[in-house]
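Provided herewith is a single structure, encoded as structure tokens, for subsequent inquiry.
Labels A, B, C and D are assigned to the chains in the order they are written; within every chain, residues are numbered from 1.
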Amino acid sequence: MTAIDLAGRVLAAEAARYTAMGWMRGTSGNLSVVSGRDPLRLVVTVSGRDKGELSEQDVVLIDEHGAAVPDQPHPERVPSAEAGLHGRIAAVSGAGAVVHVHALAPVLAAERWPAGVVLREQEMLKGFGRAAHDDVVTIPVVPNSQDMRVLGEAFAAGFRPDTPALIVARHGVYVWGDDLHQARHRLECLEWLLRFAVESGFDARERRAG
Amino acid sequence: MTAIDLAGRVLAAEAARYTAMGWMRGTSGNLSVVSGRDPLRLVVTVSGRDKGELSEQDVVLIDEHGAAVPDQPHPERVPSAEAGLHGRIAAVSGAGAVVHVHALAPVLAAERWPAGVVLREQEMLKGFGRAAHDDVVTIPVVPNSQDMRVLGEAFAAGFRPDTPALIVARHGVYVWGDDLHQARHRLECLEWLLRFAVESGFDARERRAG
Amino acid sequence: MTAIDLAGRVLAAEAARYTAMGWMRGTSGNLSVVSGRDPLRLVVTVSGRDKGELSEQDVVLIDEHGAAVPDQPHPERVPSAEAGLHGRIAAVSGAGAVVHVHALAPVLAAERWPAGVVLREQEMLKGFGRAAHDDVVTIPVVPNSQDMRVLGEAFAAGFRPDTPALIVARHGVYVWGDDLHQARHRLECLEWLLRFAVESGFDARERRAG
Amino acid sequence: MTAIDLAGRVLAAEAARYTAMGWMRGTSGNLSVVSGRDPLRLVVTVSGRDKGELSEQDVVLIDEHGAAVPDQPHPERVPSAEAGLHGRIAAVSGAGAVVHVHALAPVLAAERWPAGVVLREQEMLKGFGRAAHDDVVTIPVVPNSQDMRVLGEAFAAGFRPDTPALIVARHGVYVWGDDLHQARHRLECLEWLLRFAVESGFDARERRAG
């Protein structure tokens, strides 16, 4: 089994998990892990497959621009169209894994707070890598686009090393971490925080201004 | 194993999947695949069975009007009452598979927007076969009826080849595609979009008018 | 295996199913099947067990008043406190199975419409044993009580043979049918209808008055 | 297998159950059982592990202050930071098991009723160890803190032997009982009651004042 196949097996299991949570409907979403840094290489899920039914074969090795590199067992496999944003996020943030899912709560929150979703005074922020107190976390929201360079620029313009997530309005959320496990934990905690924000019905800014 | 049994096995697995999502309560909903075009023939789930407990036997071969055809191993099996609408949809749209489920979000959306549910500027529209930008998608809503000819006429009157779904008010949703997999992916994405519409609490028309 | 054990096995499987749906939290809820008519006998789940972990042993044979009958392998087992209402429902309605669960939607609906929840013009009413059109279904709501005779009288006072359900306010719902399968299907469809009523936010009376 | 390993196995299974319900996102939450009374000793889940993937090894023996005791097979394992509150709750209440999860409904309820969540006239209160009628249950709410002594004092100040739960605002809920089974049942029923309170949209005080 090649290293790519091994990464594919792990990505397939993670995708099945998110699918069961309703966060990867149809063929939506994509997951990646960094396999090399110089030059940057990521193993990313291929385009167009049911994310609950991936096999270890359903991945492809890409460069930082999201293009399949020629030197791999199956260069003909087609990476997700969003692979370019995975590459940009990994390059800018130094993350080892990037997950992009279509959970509902992030998109609902972005619809309500299109300038960014403010979170503070929440224990669950620790699971996102921030402090539970005396810390203001703003999850950036960028407009949707089909051009990964446009999304990449919008991401980079708002990037802060301490905020490992990006909501793309009317689309979904990206979360990253040192590895898939950390990215998962951050995603699960962020989704909870955004669901809380949406269900409690008001913004942390309104509530805790001062 | 006959071709009908084989289709039955696939339909049973798909029905179990939808049941687990809460979209086929009790014996509600029905699924079909086209098995021939000239004349049109569909394999459709039988009436009255628990949709989480179907076996490969719980299907029947029908014509475009939803009637069981005589030339099959078990012509005595009773197709779903809604088989006639499956036949009509397959005949008009050219679809290879039609799924009808009682998910809650489509019926809630139809209650709110009885003249049709307008969706636009959503990445998930790509999973429904449309564009994420500069495209206005109206999911048709028709009044419920027990007469499949009435429903069939209402469907045909509003049919557009680029919109593979129909909501029957106070009833459920039909989605179709080239095969069961494509129909599933379209359904999963549409359900997400309609849940977003209902939970975000306003109409795409109001929000993005212009 | 005795007939009681056999009934116990089926009731345990059904209880595990409802537990997975979140409808039998902790040790709440109880299920019964009629095992004899003259005199009336029911096999009912015992009191105080986790409803997701029942074994075939966790049932007891009761009379129409909910008392354990002496002539059974384990007369020392304690029936659910609510067994008396199971007996009364089976006696009055002629049902072969009664299910009582603590689903949230029925209790939310009863809180909103304490005089009874009106349902009409819904396809899902067919799964409850009624008509989808030109039929007004009122699910009776009775106040909660710890006295099964009080609940039984309230049930009997509002009983209609065509309405196989009863909501006990701030408590849960009873649904019955010829057998456990029919009771399950009716419950699943009723829960959907009540969730629709609660989420759509208005009463069928207001909406379709005329 | 040591007694600690055995407790670890049971705690891991319970944590996996809560994870599947979405109540232990990422590495959040922790569970404990009392293993000795004089002096007080608890087996508690370790810090920082995915709560859906615990093994029997992922526990540590602590004293009433939450510190790992030296006399155990693996004193180097790090207890959860919140172990001190587990110890305090077990010491004050006499409970045999304490569960702490990040379910959403308790935190939503605390946001709405920060002075305590009042519950009354609910059958499900019996599953929480209280009466369904003529009883007013107030679930205490305390502000979040990273100092377990502060949380412990706030808990002790509001402790009533008949109310086996504590909500930590913008954080999560603690529930306890004689054993893990009883704690689970109380938690499941309390979560239902708090979800009802949040979804029905008004306080028991407003509704049933008298």
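Throughout what follows, a residue touches a chain if its C-beta (ideal position, glycine included) is under 8 Å from a C-beta of that chain, and two chains touch if they have at least 3 such contacts.
Predicted, not measured: the structure shown is a model, and the values here were computed from it.
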Original post:
Going only between touching chains, how few steps reach chain D from chain B?
Top reply: 2
Subject >> Same or different residue numbers at the chain B/chain C copy interface, by half rule >> reply: different
**OP:** Find the chain most remote from chain B, comparing centres computed as mean CA coordinates.
**Re:** D
Original post:
From the C-alpha centre of chain A to that of chain C, how far is it in Å?
Top reply: 45
Original post:
In whole angstrom, what separates the CA-based centres of chain A and chain D?
Top reply: 32
**OP:** Give me the residues of chain C that touch two or more other chains.
**Re:** none
Original post:
Mapping chain-to-chain touches, which pattern fits: line, ring, star, complete or other?
Top reply: ring
**OP:** Mind listing the chain D positions that touch chain A in their complex?
**Re:** 22, 25-28, 50, 102, 104, 107-108, 111-112, 144, 146, 168, 170-172, 198
Subject >> Residues of chain B touching chain A in the complex >> reply: 121-124, 127, 132-133, 181, 184-186, 188-189, 191-192, 195-196, 199-200
